[in-house]
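Each of the two complexes below includes chain A, the first together with chain B, the second together with chain C.
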Partner chain A sequence: MARAKPLAHPHESVINRWQRGVAVYEAPVLTPWFVVFLAMFVAGTVIAAFRLLGGSLAPFAAMTDAYAWGVWKTFNVMALTALGSGALAVGLASWVLGRHHLHTVMRTALVTSFLFYATGLLGLLTDVGRPWNFWNMLLPWRWNTESALWEVAFAMPVYCAAFLLYENGPMVVERLWHARSDRVRGWVRTWHPRIRKTYPFVVAGAYVAPIIHQSSLGALMVLAGHKVHPLWQTDLLPLLYLVQALVCGFGAVIVVLMTSCLVWRRPLDVKVLGELADLMSWTTLAWLALRLGDVVVRGRLGDAFALDAFSLLFLAETAVIATPALLLRSPRLRAVPRALYASALLACLGGLAYRFIPTTLAYAPGKGSTYFPSVPELVITLGLVATVVGAFSLVVKRFAVLPAPLES
Partner chain B sequence: MSLLSRRRLLRTVGTGLSTAAVGGAAAVAAAPAAAAAPREAPADAVGMLYDATKCIGCKACVAECTKVNDLAPDTELSGGLWQMPADLNPQTKNVIKLYADEATGRTSFVKRQCMHCVDPACVSGCPFNALAKGPQGIVGWDGERCIGCRYCEVSCPFEIPKFEWKQFNPRIVKCELCRHVLARDGQPGCTRVCPTGAVVFGRRDLLLADAKARIATSPGVYHQDRVYGEKEAGGTQVLYLSHVPFEKLGLPTLSERAIPAGTRHGGVLVKFVAFPVVLYGVFLRFFRRNWKVHEAEVARVKAEQGLEEQL
Partner chain C sequence: MTHTETGPLAATETTDRAGTIGDALTRSGVSRRALLEFAGKLMVAAPAGLALAAKLSPDAVAEEIAKARRPSVIWLHFQDCTGCTETLLRTSKPDLGDLLLNLISLDYHETVMAASGKQAEAALHDAMTANAGKYVCVVEGSIPTKDQGIYMKLAGRPALDVLADVAGKAAAVIAIGSCASWGGVPSSGINPTGAVGVDALLKDKPIVNVPGCPPNPYTFLGVVLQYATAGTLPALDAEKRPLFAFDRYIHDHCPRRAHFDAGRFARQFGDEGHRHGWCLYPLGCKGPITHAGCSTRHFNELPEVWPIGIGAPCVGCTERAVAFKTPIFDKSAVPAPTPSAQYPEIRPETGTVSPVATGIVGAVVGALVGAAYVASKRFSTVPGDERVPGEPDGSSGGGADGGKGV
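Right, the complex of A and B next:
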């Protein structure tokens, strides 16, 4: 809190170089890359439609009874929603901890988060074998509130469809104003004050929901017990998944912002990016303390340095996560865009690896069974990722998302 | 720090603490659920006792299981000639497998099916209670509630539940102790047809006593002179005796802690009421404080630059 204090004075400006969201008007929507993403989206959608309407999972997925969860769940839901935790991470930093400089990047975080969550949910829908039974969600007496998966299936759609849409609402409402229709403007005049009035009350809840379900994602693998390698299996998985989500949230926002600035030739705000990187670095260090402390307390340090396949995997994963955190402790490096970008990218990769490994590489159910995603599984998974990228590039060209300086 | 901001800080901390106190009280109220003692099998829990030393590998139980449960016999390995399941699969709820140690020439059969855990991981993880412990502790499956998420397959330490990957209306297939015929036959198909009494059906406590009596009568015959399933993963309702190490029969070495115990951080009140309410209270407190800074900034920017707020 001490750092937020100098800005807390109402007469001091908290405006930074990046000042407002400005749509990328100058760039055309239909670019070769957009066509590629669109094609990947269509391919994924067509296969997903065949899988859902055609019935059984077998011809589409390489999953087996031993490896019953494939990449749709383990990557799109359990790993990628960490990248979709930017709204949580940046929201907590700006609105709760009072890092007011970060308000300008909130919209970028919100759009990114919505897209990662929405595609994750589509992945989940494609994955379940009896999706028609989701109507059980309407019958509270059938809920198993003890189940981490129930919690995920309940809270993720609510978070995505209610909280994230609400938080993205002002951006849409603001855009409607420019439709220049009196009827629409009347509607905006009614609704904008309503959103403003309820904003703190709703958005405070928007930070509670992901804290619960991001930790539930970690709790999922606790139930897999001895099937998950002891270097990863711990009762602390919920907390580790949650903190890693914050790391990936900050990291993803940095990567998305810098990539956007690079692609659409926008000026960077190194101060804001540096602040994000600073927070990401501290969060990672806290995570590392938890992670390594847990390994030591559980007496698994020997496994960590046994130099077998799992030990090497653990060491590599830890190195990929620790390197950017340590590099970014240097204020000088935080001001170098190239170093910032590489570090954030590495942090995201490390975070994804940590959240992916316990479900797949370090998950060894039966001897002799292996799993590698089938082509249709990969097409759908990559299609969902392409949907995030393509939809993001579309949204930022039509809505005031990406931050820009005022001089333009 | 000015007086005003100190007062504000105190108020913030005060509100935070009082919210925490309310939440904490709720948490304490719900604490019995949180610090739950290990779950016990119901008094009338039924199960099976399989004694590997008595099994002759005739597979009568496998054939009968298929018949009683109306499953299509798995004839794939035999080229369509006779039932020959390699392992449990979506057509096979019960299987006999052979363990043979080539070095010592020691062999043993093993019968595998659902263990009907006392505190099953599959039941704990099942989102809509499609898998649930029913009367007499039998773990049964309800197709109306199952969304086909296959979390049961991920969580089962014995890798018992199987999913009908090839079906349009896929079911979770696993032994349900023939609960649909228990009232009529008094026991499941497999125990009814077993010619040597290698597998018997009964109340869990009686089976456990029986197993211990067998160990007492012939000391040194059974592996570690103990019953597998008495304590494994919090106990199972199907118990095993074996002359070879249990892990050789594919029965994993498990701790005595029930697997779901590691996921029970408080009951529903703590998880979905007290904890979120406390968090919400704290977040809202700080949020509203920063909202005021934001509003002042919005007013200033509008006055100086004529620009509207962007939320």
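Right, the complex of A and C next:
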């Protein structure tokens, strides 16, 4: 890796010469869509506040004692943090595999990941049945370190609040440079070399934490035992969940980048997008090998082709996941923007489905227990998703997130 | 033959017998931990209804036991399989095995004693005379009554006579096992020997039935130690079983009860449900009609070692009318199909589906699919085409700062 020399202007780059961006300054913040997302955010926040202050889940959520896997856990945490694994996926590719030009899209991945994780954690906070006991989580001697749920509850906030925030820090430091105050610029001059030096060591932790908790999410479903349909229930769930998070991470970064370029009218970088798609395709193929191999080894191939509801669900899910991976093996298609976009969307859809199904459709906690999210639950869930979109649009307009063209 | 050798030996034993249980344990080197462990298990085995175990801590129970004099026990074998003796001796911890034999003074027991023949007879005679009216007579096995009881003889005497003789001089009689309680296996079917339990023969003695095939040793020891510490016998039910161990159905506290309530059953041995550890009711489990504490007090000091725990349906061995009278694999009646109202609901209320919620989900999914389609239509289909529609001049759209990549 070519090391950039210390720069006179920190906004040029704090980390390395690839990781930098441009802010879409000229775009107005208060667009009609932004108002819509803001309204959804406010509606979700108001209901969440009532739910937390009222103390009881019952009037707001359709969850029962038997069916406690509500939409906040299954969608906002289980499914959407997979989309939020872009920072992990792109980070592994750029820092570990040494594909340094992927640093150009790192900031997009980091902001997306932070927002998905933060809203997932907010959803989890809304979900905690007795939030007034939550402070016990802060006392290490009350931790049950044997628990997979604890692993999730510990590693996720730590990843989001410590590692992702730190990784997003250079962007903020650059922004401070533009405060045009000598005192602040002095502070930036002092601190950016230190951030630069410590950065690689800290990001190492940023790859351990998500590997732990993304696999723990799968472990939670392993613990659910026979409640999860045998086509999905396997001891490999932790590994499958983790690899699928990487697939979703690549897919989400492609979708977010291309959508941003469309919305804010910026040129695409087909080479970088194609490389992300290539990595996503290989990761998906590895995942498919694990998934199908596992089904065969466990002798569940008969169930897979029984053509009942679960078999069809399995086949549809596998098809949606396999299609983009196979299409993107073609170098020509990897250069076609529409094919890239459609494949990445499919990959995200398939990944979300795989992470969502074992906790919901293929999950049967007991005879007669059914669940469909209530309206307040959905308003909070949609409010959290709107928060991701709205906050992202705000951040790209105020910070240098979107990739800057390299050649100029 | 004189008893010059057994005489002094018996006398020494009588002296030992006079000591307290605590003395005996110290002498045999049994650790205090073992006694505490035993006291704890006794408290679990008798959660209510046994005065001895109704203490706040195992220490208090152990102290009470240690103070008591070892009760003299004479153990008679009639038509039995020795399973009840085995259950008393089979503990997985050697220390506990020693402990059990030190808690009571087992003065006569045909399986355990070293003596045989006339020496054995002398031991029985000595034990009876030394503690006449004070010893506890334990009967294992049923007594044949047909044809003047000739089907089982002990030293030339029919079992009937031996029972009348030994039990007649006892302070109390404990019928251990289902055979001694009401006939058990030997009385099943055509009952060729006319086998009956102790209760049918002795009318003027306090009798405690500890049925089971085999019974739980802690139930037996609870009764004996209650007698040793306070000189009283625990409260009994209509079948003369101690209430502290037989006051509830196995079904009430079965670890697999939740599966019964949720309708998850093993239908055949080795099927999916059986391997998952679901309810064994369809296989003929008699738990719903059997009073016993097996579901909370397992055997051999090992967790889950009891019939249902190892996947075998309960045969109802502690019920006079069930075991050896009804076929093992026949389904029983279920007098109490629903759990007590004090327990939390196991069958959950079904969730409600609001039409507004499904509408919202449908609308959102539809909007996302539509948006994805519309957005993807705006991207070029030409390989390597990096332009997007509406781009100002085909180059970077540009921010005010660094739009040209700095």
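Rule of thumb we're sticking to: the second predicted complex is superposed on the first by the 385 of 408 C-alpha atoms of A that agree within 3 Å, B and C clash if a C-alpha of one lies under 4 Å from a C-alpha of the other, contacts with A are read in each partner's own complex, and residues count from 1 in each chain.
Going forward, a residue touches a chain if its C-beta (ideal position, glycine included) is under 8 Å from a C-beta of that chain, and two chains touch if they have at least 3 such contacts.
Just so it is clear, the model here is predicted, and its values are computed rather than measured.
Overlay on chain A: chain B and chain C clash in the combined arrangement. By the touch criterion defined above, A:20 reaches both chain B and chain C.
By the touch criterion defined above, A:199 reaches chain B but does not reach chain C.
Of the two partner chains placed by the overlay, only chain B lies in contact with A:100; chain C stays clear of it. In the superposition on chain A, A:337 makes contact with chain C only, not with chain B.
In the superposition on chain A, A:176 makes contact with neither chain B nor chain C.
After overlaying the two complexes on the shared chain, residue contacts for A:382 are found with chain C alone; chain B is out of touch.
For chain A, the partner that touches more of its residues is B, with chain B and chain C as the two candidates.
By the document's definition of touching, of the two partners only chain B reaches A:235; chain C does not. In the superposition on chain A, contact of A:288 is made with neither chain B nor chain C. With both structures placed on the common chain, the touch criterion links A:62 to chain C but leaves chain B unconnected. After superposing the two complexes on chain A, the stretch of chain B that clashes with chain C is 55-63, out of 55-63, 127-135, 145-153 or 163-171.
Overlap of the chain B and chain C interfaces on chain A: residues 11, 20-21, 63-66, 226, 365-366, 400, 406. Interface residues of chain B, counted against chain A in their complex, comprise 5, 89-90, 121, 124-130, 143-151, 153-155, 157, 159, 161-170, 233, 252-254, 259-260, 262-265, 268, 271-272, 275-276, 279-280, 283-284, 286-294, 296-297, 300-301, 305, 307-308, 310-311. If you check the complex, the residues on chain A that touch chain C are 11-12, 20-26, 62-67, 178, 226, 258-259, 261-262, 264-270, 332, 335-342, 345, 365-375, 377-378, 382, 400, 404-408.
By the touch rule above, chain A contacts chain B in their complex via residues 7-8, 10-11, 13-15, 20-21, 55-58, 61, 63-66, 68-69, 92, 94-98, 100, 103, 107, 127-131, 133-134, 136, 142-151, 153, 170-171, 174, 195-196, 199-201, 203-205, 207-208, 211-212, 219-220, 222-227, 235, 238, 365-366, 400, 406. Of all residues in chain C, only 262-264, 276, 344-345, 347-354, 356-358, 360-361, 364, 372, 375-392, 394-406 touch chain A in the complex they form.
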